[in-house]
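Please see the structure below; I have some questions.
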Amino acid sequence: MKKKFHISQNNITIIATILLFFLLFLFGSVTYKGFFSPQVFLNLFIDNAYLITIATGLSFVIITGGIDLSVGALVALVSMISADLLNKGVHPVLVIVLVLILGIVFGAFQGTLICKFKIHPWIVTLGGMFLARGTAYLISTDSIVITDELFNNISKFKIPVFGKSYVSVSVVIALIVVMIAVYISKYTEFGRSIYAIGGGEQSALLMGLPVEQTKILVYVFCSFCTALGGLMFTFYMLSGYALHCNGMEMDAIAGCVVGGILLTGGYGYVIGPLFGVLSMGVIQTIIMFQGTLSSWWTKIAIGFLLLIFITLQRVIVIQKERNKTVIKTQRKTQKTQHNAQSIG
Amino acid sequence: MAEKDIILQMKGISKYFPGVKALSNVDFTLKKGEIHALMGENGAGKSTLIKVLTGVHKLDDGEIYLHGKKITPKSPLDAQKSGISTVYQEVNLCPNLTVAENIFIGRQPKKNGNIDWNTMNEKAQKAMERLNIYIDVKQLLSSYSVAIQQMVAIARAVDISSGVLILDEPTSSLDNNEVKELFKIMNKLKEEGMGIIFVTHFLDQVYEVSDRITILRNGTLIGEYKVEELPRLELVSKMIGKELEVLEHMPKERKQKDEEDENYIIYAKGLGKKGSIEPFDLKIKKGEVIGLAGLLGSGRSETAKLLFGIDKSDEGVLYIDNKMFTSMYPKKAIDQGLAFCPEERKVEGIVGELTIRENIILAMQASKGIFKYIPMKKQQEIAQKYIELLNIVTPSMEQRIDKLSGGNQQKVILARWLSTEPKVLILDEPTRGIDVGSKTEIQKLILSLAAEGMTIIFISSELEEVVRCCDRVIVLRDRLQIGELTGDDLQESMIMKTIAEGGQ
Amino acid sequence: VGCGSSSTTTSEAPASTEQTTQEAKTEEAPAAPVDEKIVIGFSQIGAESGWRTAETESIKKTCEEDPMIELKFSDAQQKQENQIKAIRTFIAQGVDAIALAPVVESGWETVFTEAKDAGIPIILLDRMAAVDESLYTTFIGSDFIEEGRRAAQYVIDTFGPDAEVNIVELQGTVGASAATDRQKGFADAIKDYSGYKIIKSQSGDFTRAKGKEVMEAFLKSDGDKIDVLYAHNDDMALGAVQAIEEYGLQPGKDIIIVGVDGVKDAFQAIADGKYNCTVECNPNLGPQLVQAVKDLKAGKTLEKWIKSDEDVYFGQKAIDALPTRTY
Amino acid sequence: MQKLKTLLQDFSHRKIFWPLVAIAVVLLINLIITPSFFRIEIKNGHLFGSLIDILNRATPLIIMAIGMTLVIATGGIDISVGSIVAISGAIAATLIQTMPVPLAIVITLIAAIICGMWNGMLVSGIGIQPMIATLILMTVGRGVAQLITNGQIITINNNVYSFIGTGYLLGLPFAVFIAAAVILVIFFLTRKTAMGLFIESVGGNSISSKYAGIKAKRIIFQVYVICGICTGIAGLIISSNIKSADANNAGLWMELDAILATVIGGTSMSGGRFYIGGTVAGALFIQSLTTTIYSLGVPPETILVVKAVVIILVCLSQSNEFRSLLSGIANQRQKKVIKA
């Protein structure tokens, strides 16, 4: 990214998020014993690697102005299918490949319904959610333990970072996914088309962009990331279970939004979900370190922290936007003068 | 006619919308190196013909040949690939992308397979400069006015074009200088052998650049003519289907300034907003038609928005009918008898999903509030009245407004504000995209309303129109009032002069 | 890996007792000074039912009353990943023991190993985890399969082995281990009696509302054939009781009602004659947990399964027990 | 004849047409499998039968979905409704232990209104995106409900209160009357006053609406409040029907059903035109599907798949593109047949 860095409408939310993320971490560090440690920080990545991957995929969909509610259920399905196949003695590498292909097919199916038949993504992916979880139930209603060696090894593999602290394999994959996503969103035609579609689907169409194809691809990408995230989740859990990640789609969406992606489409950076998810992870860690809240107070506290977070974010954004208009218009005045002179 | 000169041929094109026969059996040919004007009243089917050609709409009947080969474009992308690039009537760009991206999206310059942002920005800068526009192309499109956006759309199309260039009312929101730049480019492209289809309602422009004219009326082809062979009056009468009686200069009695009368209906004192418009004073009397003139971005729309309370002023006060207001918002303004017909029809004017009837009564209902619901019969009466008065072409008043032609949408918005029977009517580019016949009708309407005592603030880029309708013109430049013209001074040349010299 | 030793920076903020616990932990010596508080980290599934709230309350209360114990409580909102995070947090905080009511059986291997590496014992509560026995210290709780069997036994005792009995079953949340096991236990027990048939079985999600709704549908389609309702928890059964009353039959007489859990409302319903039997599943695990942790500290080895005291209540026995019920 | 045909054609273009067809199909399947399905008899002085059951069961969803429809029409969404159901149930159940039922109901509804105001303020006042704004109440709300009930299920032993959800009036379930009243009030509010027009206008283009003098923010605030009230009423019916308040499970995932009902009814998720009749039909469809699944003995683990397939089919049938694809294929077939 050689472009000069400047605060704009596009990146202000994400900057606010990053700022608030570190503030929260600081808050946790001074409040709780044992909070300020490299491993606690890295645990944020380890525990949320799958969510980061999924939220990043989802952010593409949201930027086009769509939504995917099926991600949580798809993770459950992926874990279930992997566990079932592994139990049946299928080679783990083949399982991984199959599951990723499943993600692609699933995304293509949803994307086709949404784009070709113009059914609203909310409904299609709600259907997709029922379908995925339902299929997982059909495989088994019990949870299935994964005993496969490869899966176990990946699950237990620790990549040292500094000192004794470590990250898991999934963290590395997640970060690579984020990097690829950032690259796609910024340096490929496909990535830019996504923003164009989010800015105005009709306009994008009239500008001669392959809207339908792009949108289907976006859903494919999202489901692929979800399948990949599902695999990470399976490594993390080492089990397949139809109830895995119940309601996780909300976490993923919230991660995107907190990371500065506008649900109406068109605005936001795909690096955002990374920080969005991490911020929510910090909130959760703080609550866990707190350790005296009863169940309901936990809910209330999470909601309350989320509220403060989002409100602060809004305040920062509004504040910046206000300053912004003044600066911009001043600059424009000079140009207008230029125009006028060329007439006179 | 040399066959090889023909780039594009459309034969027997028909297109039906529910309840509307938008095109029936229309033929059209475009030759190499010509500018071909497509003319017709609002709703005649010009845009539809273009949309059929570029694959936005599926045609119901007919054939299209490009370079002698039959094509069936299924999407704008197809059309673009086969060498047809288009600027559609409404600005169809993405407000969330930068200007540069809007110009290059879908065909960005690459380096090692990656989008090369620097090259793209440079190229975009050049493309805009070619149109004599000097702006920061790295800013979001949404931070620029419609006019600039229009120029961006043109820059994009010009940059893409490789055979056929279609411009659907590209000039409606441009001022003379920009139109001039555009024509320069068009002529250059023409010399390079490109065929250009040009839609406009400005007769002057047609005669300035076009080689041939095709006229549509009510979705049928009236004929194809060489420009030299078709005098203006004949063109107009062919378009509207009857002899033209209204087009000659309307005599205008200018109201003279009555110095004693201190009773202003609008009196803005030091009204301003930081970063948007410098504090200004404005005094308007009842029944006056006052014009705001200036270049693009001179702050005309901003002045109007401030008066109507869409932008909040941060200094000064506003008196309406001698009542003082320090803050304003649209509802309050409407209650005080103001009405504001905004300039960006698609964004600020229409509510696309609602019907014509609903769009018309919207402002009236808003001022009455939720509980005084206008009875359906009354609504229909009002809608019917204005559909007739403004000659809105539609199968029924229950048609969704976004299914109307551009000009007719504009008329609906005008109807919305007329129906509130305001004391002060602010019109920001009210005749944009409206055909000649209706334009004169609207100008007449404005004058008669003023005669009945309505005060009108009139913003238009067409100085001719301003001069014809206004009693007094305020000239703005760079968000500052720099002059005022009345009486005999009120001439196009004087306005131009004031703009050029005034600020210095 | 040694997570316990990582935190040394924030010394002023926390209470000094914790600081010393921390040090005690670093030594990883079982013979910690007796006057220090023992810290238990407890990861609860959530608060999805009154039963679970009662369990939480029991543990909290016992720990509060015991001056030796300090409790770190974390609610997982029904999510296994949250429980894993919580366990990691406990490890980071260096607690003395981790108590866990696992939301599912599988998927604990990695994190249990981490705890083991950090030298922190894990005690499972009310549900098993499918891991190697070496990874957890003990399991305190009941046997869902046994509960299903007991419920079936009651039905068989009531009707006699040769009777023709039509049973409808209200299952818990599909996939929940309580539901699967209670279904299995019941089915196993009636397998040998050919007259006993489950004619309808549907999920009621462990809730009263769903229990009532599903029962309504059962009654509409099979109305007068139903002899017994077996519900995987009392709440669903209580919902179904209402449906039966509204249908115009007498619950407890026309249809025999058997539920699991032993919540107070079920006892009340038995007393009112609308309910027949509830198989207890005891949530008051607090005392047993605290005892186990203390034993552990004292260096004792624990049994792998500490069963909770449970009973089957019906008839007069239930009515007598009603005043003593706490949840 | 011709007239009838055009009338039919006209009707089939109405938004309510497809949900009604879907309901008809579901009911027909029932009829084939259980012939007594349509039988309605009089028992204990009130009407009794599967159809009545569906109607009765659907009332909370209908009421909630209507509120949701208005919110969606403004381009928003409210995913906190499930939690509001829990809150109102919890409050009502706690209050009727100590005060007269009407007062408890009023206080409960006020609480529901406050919930709606809270959402409305976050969305229109602070400008937080609707989904996230309501996500906050979705999380916090259930916590608050649990706080009120202490995590326990509160059993209600109050005949007056339970009349709301289980009583009968003129042979019909009382809740049906409540739903009818809500439908009427909302219908009146939106179609006999300008409210509906304003909502559709704001949902269609909020900038234009603002320019036309509509106070867009206020309208948005109001629809969240209305949604709050509707949900509060639904919460009362639900808790009264099972004579208990279950803070943990009451209304869980109901937001999805409410949204589904709205969309099946023809209202677009992107805002604009809304169809109350369609929403009611959508809600009835969802309920008849659920009841059917229960009474047909579909194994519980397959329910989700069945539901998914049905939803996708219903939405496909609503899709113009899909229908034209089908008719295209049919035409081709015909042509082939003719050729052969």
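For clarity, chains are labelled A, B, C and D in written order, and residue numbers in each chain start from 1.
Throughout what follows, a contact is a pair of C-beta atoms (placed from the backbone, for glycine too) under 8 Å apart; a residue touches a chain by one contact, two chains touch by 3 or more.
If you want to know which protein each chain is, UniProt gives these names: A = Sugar ABC transporter permease YjfF; B = Sugar ABC transporter ATP-binding protein; D = ABC transporter permease.
In this text, all values refer to a predicted model and were calculated from it rather than measured experimentally.
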Those chains which touch subunit C and also touch subunit A: D
Required steps from subunit B to subunit D (ABC transporter permease) (each step between touching chains, minimum): 1
Winner on C-beta contact pairs when A-D is weighed against C-D: A-D
Distance between the centres, which are taken as Cα means, of subunit C and subunit B, whole angstrom: 71
Chain centre separation (subunit A, subunit D (ABC transporter permease); CA means) in Å: 30
Averaged-CA centre spacing for the pair subunit D (ABC transporter permease) and subunit C, given as whole angstrom: 35
Whole-Å gap separating subunit A and subunit B, where each centre is the average of the chain's CA atoms: 42
Subunit C, residues touching no fewer than two other chains: 47, 53, 56, 174-175
Per-residue overlap in subunit D (ABC transporter permease), given as positions that touch at least 2 other chains: 146, 151, 301, 303
Multi-chain contact residues (two or more partners), subunit A: 137, 141, 294-296, 298-299
Interchain contacts, given as pairs of chains that touch: A-B, A-C, A-D, B-D, C-D
For the subunit A and subunit B complex, residues of the former touching the latter: 2-3, 8-10, 186-189, 192-193, 195-196, 198-200, 202-210, 266-267, 325-333, 335-340, 342-344
Residue ranges of subunit C in contact with subunit D (ABC transporter permease) within the complex: 47-50, 52-54, 56, 171, 174-175, 200-203, 205-210, 212-214, 216-218, 220-221, 235, 238-239, 242, 246, 248, 263, 265, 268, 327
Complex interface listing, subunit A residues touching subunit D (ABC transporter permease): 113, 116-120, 122-124, 126-131, 133-135, 137-138, 141, 250, 253-254, 257-258, 262-264, 294-300, 302-304, 306-307, 310-311, 314, 318
Parts of subunit D (ABC transporter permease) lying in touch with subunit A, wherever the complex brings them together: 79, 122, 126-133, 135-140, 142-147, 151, 256, 259-260, 263-264, 268-270, 301-309, 311-312, 315-316, 318-322, 325
Complex interface listing, subunit B residues touching subunit A: 56, 75-77, 79-81, 85-86, 88, 92-97, 101-102, 105-108, 114-115, 117-118, 132-136, 139-140, 143, 156, 160, 177, 274-276, 295-298, 477-479, 499-501, 503
